[in-house]
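By written order: A, B and C. Residues from 1 in each chain.
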Amino acid sequence: MEFFVNTKRKQELANITNRVEEAVRKSSVENGICVVYVPHATAGIIVNENYDPSVCEDIVDAMEKLIPIRAGYRHDAIDSNAHAHIKASIIGPGKTIPIENGKLKLGTWQGIALAEFDGPRERTVIVKVIKG
Amino acid sequence: MEFFVNTKRKQELANITNRVEEAVRKSSVENGICVVYVPHATAGIIVNENYDPSVCEDIVDAMEKLIPIRAGYRHDAIDSNAHAHIKASIIGPGKTIPIENGKLKLGTWQGIALAEFDGPRERTVIVKVIKG
Amino acid sequence: MEFFVNTKRKQELANITNRVEEAVRKSSVENGICVVYVPHATAGIIVNENYDPSVCEDIVDAMEKLIPIRAGYRHDAIDSNAHAHIKASIIGPGKTIPIENGKLKLGTWQGIALAEFDGPRERTVIVKVIKG
């Protein structure tokens, strides 16, 4: 299962919880795991609080403070998005979430976000559900 | 399978290797993977050295240097733990470990830790074993 | 399935995409997931751009700027590689990639790298393929 997300800003966390939950429902898998994966090298998947949207902005700002858009990266001579590759490498392209009774075992405060560090872009999200 | 961990400090790595190994034994799965997952937004799972406990303290200190408890985060206006959400987003809520011959394929120096960045708290750890 | 990688430098990203793809082919699994895992506490697995090799050097440099080799870590009194344990904890020991039609669902710009932060070393990589 796949779906698309259009990000709007240069760096952004886009909430995809509902769409992943929908994919899990459609799979009809009662128990197992769900792998949420982005096949892109400037994006990643974050599982964290999505009740207060300011957490998403704090995460983007903190990542930007650690790995600024400009810092003399080698790759910027070719394609000026080295910072986004580094951020995406730290966040990781996917997360694996347990499924029980047909539902993701997300905590009360956990949501799933696509983190894009070189947007705006249209991105593919792959959801793979494994029985077990 | 689930178990609980009581952390004692504000920021801490708690060794959960034995309890995850026990869950794998109880599953009777000989070959597959084990997903260790925390359904909490200020905690994560780390697989790293647990022979010398000072490595755990070094990890906590390094994360704190990168993302200090106080740094003018937006979310702190609501709930003063933005730093913990950011740290947990970087560490990730879960790790996936191969199983062979009924045992986790941890390296000699690898252990599994719950990393809590906004404790002390009682935390749930979910262990999901998948045959394969 | 396992294979070995000899790293050549202190800190290095070694491209292992072809070897993981070969392991997936040998598994004959058409649909499922592939877990790529290093059982070592100073190394991790990164999925990111590997077309321009300078991205790998940018990632190593950025990690070194964030967590320098020397910074008064406790563990250095025992074994002077605390920085490598911290870097490996942030990157993570493994990544999980979807498989469809017998192939890894890597994006156009995604490759798989072993990140070693305390080399040069011979390292084992475990590839576990799960049907689903």
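Here are some notes:
Assume contacts are C-beta pairs under 8 Å (C-beta built on N, C-alpha and C of every residue); 3 or more make two chains touch, one makes a residue touch a chain.
These figures come from a predicted structure and were not determined experimentally.
Rotation angle relating subunit B to subunit C: 120°, from a CA superposition, given to the nearest 5.
Because subunit A and subunit B carry the same sequence, their contact can be compared by residue number, and under half of the numbers here are used by both. Separating the CA-averaged centres of subunit A and subunit B is a span of 19 Å. Within subunit C, contacts with two or more other chains are made by residues 32, 66, 90, 92, 96, 130, 132.
Subunit B meets subunit C in the complex at residues 32-33, 46-49, 52, 54-55, 57-59, 61-62, 66, 90-92, 95-98, 105-110, 130, 132.
Note for the complex: subunit B touches subunit A at residues 32, 35, 37-41, 66-67, 71, 73-75, 77-79, 82, 85-86, 88-90, 92-94, 96, 124, 126, 128-132.
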